[in-house]
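Chain nomenclature is as follows: A, B, C and D, assigned in order of appearance, with residue numbering initiated at 1 for each chain independently.
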């Protein structure tokens, strides 16, 4: 199920080591100014190359293949494509027999009966999120002036991300982290009843990002230790401003106009250089596996802009629905 | 958006103080034995009446209105209805002007332009989850022999739930809690790629349950402090058994056959007897609001069976999809 | 798949001889005045009892079970239920072994593996269209001031419907007919590109009505004999009025503001009193089958209001989408 | 709404004179052998160049951009792209002010508020059906051994298509026609109840093909003159064979295993060289419009393979659903 959204409806496709990855966005309103440069800033934030990220560097040049004319969206489906250029696929075949711990090698093998493209995790690669980022750029325009900002709260348990990266570098191991996402200038009334609520919409998008293991809105897991008299956010203005924001900006699945706030946890990158134990599916014997290649010691570093994109995509769909 | 699911597709309806609440389930396989008694056990687990729950007691008798014949599902839509019998709606009108903190009074007012049924929170009432529980009963049959069990880990920060309830009783205040849900006997290969992954599917259902503020799978937020070498679950059998289960039974959105494990946090019940501050939307003045009526001091007590239902519904849809 | 629509989303349920039939309508805008009397006129047009229709008379009293409060729609799902009262199910079991020609006995047996409710065709009964008519009443309010009117063009090849009915009455046989449906006061710009065009939307709803075998828009099958210079509708006003209306009010799947016009053909009622040949599925022998019971000699008589409903439902969904 | 299908779910994109057109197919089963040559035969049947078709000749080379590996489908989305190479867009701007009769210039202008790409009808071009044909090739593999064959019954009212083309050639005018589509080797039990029936599914796809004005199944409009005793297809074998096939292979929306048969009418091509009357939307004055460029005198000639594709796509979705 590679499609999401009722109005702003996106379909992703592509593989890590195939011809490229891309996304089709349907339901984009007409008349939005859009050109390929508009994607640069968010794409560069997702890029690797910095300390703690993989040295595989892709140019990540977005090509708008349909849906714009004379620099504006036309109302027709918007397709953005990213060619794969820096591909090395030497040795992924072995993971079909000796699945990497933490990866989808085993489950994609079951699911796709051995036909999944194994190169660079194929369609299960984090590279697929390029399309999400591209859709996020368009979604941010749709929901303007809402402003979404995600930032790292801690990495590897350290609230000093740089120090955490320094500590992990060179160990061959990896760390995860916690990222907070905040949307300001929020309109009221976004969110559909029950299954279409804001938390339901955003969480289902967020869990599509590889490596996310949890999400909490507002007070989140901290709410478990609070009393109702502490947790309830008092209304302090007729416009809906609240004194506290334990709700994270959402009541009954619908935005109240206060900041939308949530946090996610990113697990430590599954690909590590340290030898690991796994099973050989053919021989049934335990083997030691070394995952070579180029890895992110901390994939969480690259997640914030993807998280913003997922949030923007969800809000854009709800925003368009709210016009009805 | 009161409909969920691609194959096992459910549509909920109803209000807390209207004629009743119910659910239509489409895509139910034919030939499943089903009668009204089958709902009793799960419905009784959701019931109020115990210490810490509201004294409003509804009979909650399910009526199968369509979709079965001679005690078996027919393949036609299955409709289950619950009549409302014990309704007191004296005094909800005032919440339209002085919205209750923590409730959807304000946001539903915005969203539905003043036309939302305010009685007992109307369509935003937790009573709507009766339909979910009913669908959960059917879903559990569909995914048999998968066994889903949710239980309370802690209430109000106390890992002794009874003590926590004793402490809150009579204070007029409320507490929340953390609930863990585990599915055993899991088949492998459930989950669709990207937007249709297991975590995405379950989280979007779980956040439809009122009062849920967060969800984490497997290691969850604890993953933020782990290293990859600790977090990766080593494969130890060709059947896919892993040594640890930090993944919570899911890799790349697809089940690996190990137990599916996740936890949710339930906020403290918003309805409390303690006076609270709110705004009068008409006068613009701060007022003190006392929410009378019958409340749950700890709604988390009634959530486990609803959580099981949400899980079963999501898994049933993925299970049916996996047959293709 | 008993659900239709992206915004005005309806879910039908029920069986001919079960507890009743009904419909859940999601996405109904708030604030529409609605009470049970509003359904009377359209329901009475669908009723049987007139010459050429079955003598089975149901009271067809609609009950609004959710979604309204104080006489207005609330934005929550609207459920309308019709109890079955006049039910005789003596002898449907035999059709499982000796399927009636023209009916769904055989195919529903295959599809639902013998579990389909056979009584009165169960979920395949024309009685299910009661829900459609109810949704049509709501849809007509949504798209007001659009006016939809369907009328019979011919029955049994005779452009005098009364004469046609007189001729068939008492023969034990049945006739079909052609019905034209016209929507006036049409807004421009309804219809989504490609798969969501007006013709695609309406046709998929219309073919859900039992007994419909074909549909043609504007010039329809007559277009096969025309030249482009005749068929093209010249634009004669900047508001989009055309000189002719061979397009039936739709270009490229999108309404042009001229009348929406289409015709459907209704096959002769499959239930006839005349003995028919069929196969006994168990013995493999040809048998003579007499379908007793109460039948419509011409079901087409009851179709116009159902056709209006299907049209209104489709247009309502497109109308709500066009607000985005 | 450029997406269709619940399981075999396709998303089209592209414009006539942009970078290209394409399609994303989600839900393709794994392990289907597929390479670019597999598309050749159907694409060549859609091609122009023959008498009666436009002299604009595109190479129409399909590029599989994702979803296959080592010559088999992987279960990931399959994207097929067709570059536009032979593009001349000199003079489409004028149609925004003086809309062509029979075309979507006027309605797309309204719908997309003046932002639609006007070049070669943009996203409303028949060129978009290239993606449908590509999806049809895959769909035909999915439903094998079902065999679908469409052929022209008559063109311009003449049952000798060649003569019809000879007569229209050089006149600057255009003709339409009637095409029959038959699927043999049909499995029983395809089709979902009510809104997901075979006729509903196929008709909604077929009306997405530009220029289709009507569709009829089995006896079609001829049923209006028949009696039930003539129209009912007697069952003559326990396997579901019928003596006649007035039903067109479908009862109650579900296939009965007999041939699926339907006919469509294609209107005469809207683009003609003969001068036509239209309105100037800016001046409000009637003008004479001459549509220059390269046209099909009879677009119906190119429709059969597109019709087969639409049929295969619908059946593939229903076939995959039937596995559940």
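Observations on the model:
Please note the rule applied: a contact is a pair of C-beta atoms (placed from the backbone, for glycine too) under 8 Å apart; a residue touches a chain by one contact, two chains touch by 3 or more.
Keep in mind that this is a model prediction, so the values were computed, not measured.
Taken together, chain A and chain C share the touching chains B, D. Chains making contact with chain A as well as with chain B: C, D.
Looking at C-D and B-C side by side, the one with more C-beta contacts is C-D. The chain with its Cα centroid farthest from the Cα centroid of chain A is C. With centres set at the average Cα position, the gap from chain B to chain D is 44 Å.
Here the CA centre of chain B is 37 Å from the CA centre of chain C. Chain C and chain D, compared by their mean Cα positions, are separated by 25 Å.
Within chain C, contacts with two or more other chains are made by residues 1-3, 6, 12, 27, 75-76, 111, 123, 193. Here chain D touches chain A in the complex through residues 1-3, 9, 11-15, 18-22, 24, 26-27, 30-31, 63, 65-67, 69, 72-79, 81, 111-117, 119, 122-123, going by the rule given at the top.
If you check the complex, the residues on chain A that touch chain B are 1-4, 6, 12, 99-104, 106-108, 110-111, 123-124, 128, 154-157, 168, 173-178, 188-189, 191-197, 199-201, 203-205, 207-208, 210, 212-221, 223-238, 240, 242-243, 246-248, 250-256, 265-272, 274, 276-282, 284, 286, 322.
Of all residues in chain D, only 6-7, 27, 29, 75-76, 193, 320-321, 323-324 touch chain B in the complex they form.
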